[in-house]
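Scrolling down, you'll hit the structures one after another.
Okay, so chain A shows up in both of these, paired with chain B first and chain C after.
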Partner chain A sequence: MEINVIIDKLKNSNIILNLMLLLGIILFFVLNIAVGSVYIPFPDVLKILIGQGSDNQVWVNIILKSRLPQTITACLSGSGLAIGGLLMQTLFRNPLAGPSILGISSGASLGVAFVIMFVGNIGGFAFSGIATIGNFAIVFAAFAGSVLVLFLILFLARKVKNNAMLLIIGIMVGYISSSLVGVLQFYSISENVHAFAIWGLASFSNISWIQMKLFIPVILIGLFFSFLLIKPLNMLLLGENYAKNLGLNIRKTRILIILVTGILTAVITAFCGPVAFLGLAVPHLARMLYSTSNHKVLVPGVLFFGALLALFCNLIARMPGFDGALPINAVTSMIGAPIVISVILKKKKLNSLN
Partner chain B sequence: MKILHTENLSIGFNLKKKSEIILHKGINISLDKGEFVCLLGPNGAGKSTLLRTFTGFNKALSGKVILNNKEIRNYSEKELAKQISVVLTEKTDTANITVNELVAMGRYPYTGFFGKLTNDDIRIVNESLEQLGMAKMQNKLCGELSDGEAQKTIIAKALAQKTPIIILDEPTAFLDLPSRIEIMQLLKELAHNTGKTILLSTHELDLALQYADRLFLLAQGKEIKCGTPEDLVLNGDFNSFFEKNGIEFDNSSGNFISKDANVKQINISGNGIEFNWVSKALRRNGFIHDENAEICVKISNSENKKYSIVSKNRNEIKVDSVEELLIELKKLEV
Partner chain C sequence: MDSAFGKKSKKKMKNNISLIKFLKISIVLIFFISCNSKKQNNEINNLNSKKIIYSAKVFPQFAKGFKIDYFDNYKLIRIYNPRDTTRIINEYILSDKDAFIPDSLKGKRIFIPLNSFACLHSTQIGYANRLEVLDAICGISEAQYIKNKYIHEKVSDGEIIEFGSPQNINHEKLLSINPDILLLAPHPGNSFEKLEEIGINLVYNTSFLETTPLARAEWIKFLSCFFNKEDYANQVFDSIVTKYQKLKELSKNIKDQPDIFTSKKYGQIWYLPGGESYMAKFFEDAGINYLWKNEKTYEALALDFEIVYAKAASAEFWCIKDYYDGDYSYTQLAAEFEPYSDFKAFKDTNIIFCNTFKTSYFEDGIMEPEIVLADLIKAINPEQLPNHKSKYFKRLLKWK
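Presenting the complex of A and B:
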């Protein structure tokens, strides 16, 4: 093939865009580890990452026990939530859907509220005071709450004929959970209410390496399954009748999609809290940037873009100058919304989901 | 050679509260290989329900639908995907995929996990695009297509699925007249030349009469009637299915005419093409042919002033065009 043809192909294909995304991820990954409220010289950062260690034990701890797990968590959570959002938007043919639409994060919130405020209330102490036990209990409660809702939704997914019903049920679960949380908040001492609120703002920094051993494989498995769903997702673009005519088992696919989204969302919410905005916005950004709805392009695109955006937000949250770290939700919406708006305004043709 | 037939089929809706709405029962019809069949009927007749029962979307309320000696409900989704392809009037979420990508989805029953296309698949996709005249536009996004082009793309997808049966629900609904004729012609050729069995429902009665090998006539409360278009017209079935207040099907012209309350008698004489068209114009204005009428319209073979109005007590009026003819007739206050 002539050089011109090759260059044309490259321009039209997504290779350049994907390369830029990958470079961006690597850049922000490294920045997340190298930059923080404690200044660590870059050569030392590299030495510690390679495993050569450093004279300064504090630095080693900061890099290996704080920044590295946090960065990996941000990366995987961004991808996981973004994929969850994509799956939900395609399954329900709803551009406003996000991974939390099934009510799973609401279930997690209720579980955590129960532990922090109800149990704390009964015991008569400020739950926020208990560190590691508290952390484990919170993770467990969040996961339990998520899984309960997930089971409910999966059970109904087998019975309910169309997807709109599931959507409504998920939203209703969200409302019930919010109202119960409100009641709990009303009867709790302020420290616990504050602790719950802080949990609700999400953070990538509350995972220990032991927890990572569970977190990383589960997220990777979920992401892997999302690749297997590429073909069914494309078929769903045609609508359930055409998809069925092309050989798709609608019920099985629906359950699989809900399961993958549910597990990704449940695990991420359990360890990080209910991270907002990423799941909803990243698929739209990807659709606009790649100008396609083809999931062969979107699934990897959303995966990379979710990781990139999460890393970026995490970096902002931890920029030196903020005492400690800002909670993630404060940043994701503040940064994310203007990005989405600017992309919409730049694109002359609005690529809508409908 | 029958490819699909029904045995005592009952179609309708199954409401959850154990009650059923039966639209039609005891249906015994069949489709032959290489046949082009049109399903006609007024709105609400149950055409879509019948088609959906054939494609397996709706369950038969009772009776069987048998495809190649096996009941439809015993086919798995994957097996059925290779037997029947559909074209519906539903909206799809495909604004942001290209024409090529959409047609390629027709190959999904045959592809592996990620939907990767073999060279054979790609060839089939290209052939389907060519047949519908969409090859030049294959890299356009579906959202940029006109309604007609979008419909052709969906039909190309059904072709790419390479099924022996194609079922279409009002496929010409959004098309302009040349495109409608194009599609009907294409489908007829597919049936006759490649042996596909095509069943489509439509409101285009004249196109159906022209292109279909057989018609199925369906109407609320009436038993389904099948036959060649000409038989159904000649034995009056066609008329009885579509007759409505004041409208009837004229067997000789093959058109629907409204039964006017006020008709005027006029004697039309002449021959050739002009005779047909002048008769049509006169009919539109409420004149019907009667040999004993006082007024007579004559069509001659001369170059000028072909049309003349002859009546007692008046001079013969000669005109050049049908328009002038009608104006003169009005003036006579006939």
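Presenting the complex of A and C:
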């Protein structure tokens, strides 16, 4: 009996599940570093990670300068986007909302399209452009574009009371930036369009250590704020009127939620490109797994799950024994889309949202 | 209008002079041929007075993408994919306006010499420039990527019309300039059916698929057929071949071939030219060991950064072509992607750089393979060619 009680308690607190997720993250983190196109023996990988180095400087550089930043980026991006998705789904009470629903990543796309294609057209050929303009310019343009859209949405959020209307406005803003991107593409040479298309497929591999110094703290701060939002999020689940009666400042909460999601999405999109589906699919996965809509459970759950799924996708994208690499979005969508389909089919789970 | 008319009459006069020349030579030729073969003798008997015999002829030695057959009063050009010569892409019948051509011939008829032509890609301008027929160009696309000064002057004078980009051709503008032919490279993904429908004479140039530098340069012969300038094309090309082979001999003696790799990461993928490609051939002829030369493919290799780094980390040289507005430097390269600075070639400042923004590599470089080759030889080993002045590829010296 007593054991059963303990097991029940454990079940309720989801300790086992969280532990398993954590172990999964550690396992995939190590796998991401140990496995890649170039074969490096596992003992050497460990040695290099511990800091003992290796006789083969090439291996050291591959692991420390290529695989490690890529793995950390994947991990944090997965968490950040998944949290963003959860926040948006709760705020808009819409199961198909994702971190990019407010047009923030479209804003990033517009910024990058502008740099690659418009500047490219003045300066010239940008096949190489995406390289010569430099990673920094791309990151900056993407960030500028998404922050611009974020401020626009925040401004409108103060004017529009209804969340559904705000959602429609966000989607409209996305359409506007997409159409501008279309115009830019139409008047660009194929090399530039190609460069832009490649950026749109996202990649965790372009961040350097210098950029990591900015990337890591911003994402961590964003994730930290999402924990502060747990209570208001739970109140919002009851409906806006109930939440108001419970003493929640709806307007303030809304702006805070948009701000956290916006910053996470903007920074991740700036450094990695518009990573698809993770933000949309992970919250659903977490809800199914924990079978709850309590954000006290969901926020850490989504955070772990996002990291795990991103690490998994990144591993598949760079499958061992394969000289090339798949674009991240091809993998995330391949995994994300079936999940979304299954969620739509199992409408039961959606009911917990509405 | 007046000036255009004057030009035309001048051209006609020129043609008449060359016609007489042709006839003179052809009489000698007829005599010569008639001594040799009875069969040909019969054909010559059928000639009427109007017929031209093309005295100077060109035959491709290196290029695989075109073949030319000369007949009594027309030339038959067949265009192939140089990498797969089993299928004819297009056939053209080049002849005088009033020449009699049997109906049984399938190819598209084009009247030569051309009065005007338009081109869709800047490489065509490289050929036209070397053949000295730039004055026949009446339309171009994407002037911003063209380096030729003469073309730019004419564009600003309004004598050459810009008609959009390969993906986005302004049909009305193109029709308004009404070129005799539109020269273009049939890149995959671009469709030109509509152009054909509106009555533009398309002539395909598949030189960009040729896999050796000399083969690519040899397409000057192809263009020369349209202007009856075969003699001149032969002259130009032969001198290129002579110089190129001489340089090739020079680098044959190099015993310790240094390792080289090329290009940069692009997104997640590093695209490298295959072992049978144009660039790989340059490296081979310059006596440099291209690290992926054993990948026997014409196509680009798409590799993960790790793979390239593991193989090329200690290579002596790194060759980069880039379109960069400014002075490229090692600092700039490292700013693009930090791990670039871990390559030995980077640390030893052994990068060979070609700035396609500042040089006309994609335009004139195609017709100057001997200069490109000399550039590469000199970049690797400056003592070999002390007097050569590098034009396209130079050692990257600027650190910052």
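In this section, the second predicted complex is superposed on the first by the 328 of 354 C-alpha atoms of A that agree within 3 Å, B and C clash if a C-alpha of one lies under 4 Å from a C-alpha of the other, contacts with A are read in each partner's own complex, and residues count from 1 in each chain.
To be clear about the criterion, a contact is a pair of C-beta atoms (placed from the backbone, for glycine too) under 8 Å apart; a residue touches a chain by one contact, two chains touch by 3 or more.
These numbers were taken from a predicted model, which means no experiment stands behind them.
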item: Superposition on chain A - do chain B and chain C clash or fit; value: fit
item: Which superposed partner A:S179 touches (first chain B, second chain C, both, neither); value: neither
item: Chain A residues touched by each partner, larger count belonging to chain B or chain C; value: C
item: Angular separation of chain B and chain C about chain A, which is computed from CA centres of the superposed model and rounded to the nearest 10 °; value: 140
item: Partner chain(s) touched by A:S342 [first = chain B, second = chain C, both, neither]; value: neither
item: Touched partner set for A:W199, first chain B, second chain C, both or neither; value: second
item: First (chain B), second (chain C), both or neither touched by A:N162; value: neither
item: Partner chain(s) touched by A:S293 [first = chain B, second = chain C, both, neither]; value: first
item: First (chain B), second (chain C), both or neither touched by A:S208; value: second
item: Nearest-approach distance, in Å, of chain C Cα atoms to those of chain B in the combined model; value: 41
item: Overlapping contact positions on chain A, where the chain C interface meets the chain B interface; value: none
item: Contacting residues of chain B [partner chain A, same complex]; value: 55-57, 77-78, 80-82, 84-86, 88, 90-98, 101-102, 105-106, 108-109, 111, 113-115, 141, 161
item: List of chain A residues in touch with chain B within their complex; value: 90, 93, 227-228, 230-231, 234-235, 237-239, 241-242, 244-249, 287, 291-294, 296, 351-354
item: Residues of chain C touching chain A in the complex; value: 142, 144-145, 165-168, 187, 189, 264-269, 301-307, 309-310, 313-314, 321-325, 328, 332, 335-339, 342, 356-357
item: Residues of chain A touching chain C in the complex; value: 36-38, 57-58, 61-62, 65-67, 121, 123-132, 134-136, 186-187, 189-190, 193, 195, 198-199, 201, 203, 205-206, 208-210, 317-318, 322-325, 327-328
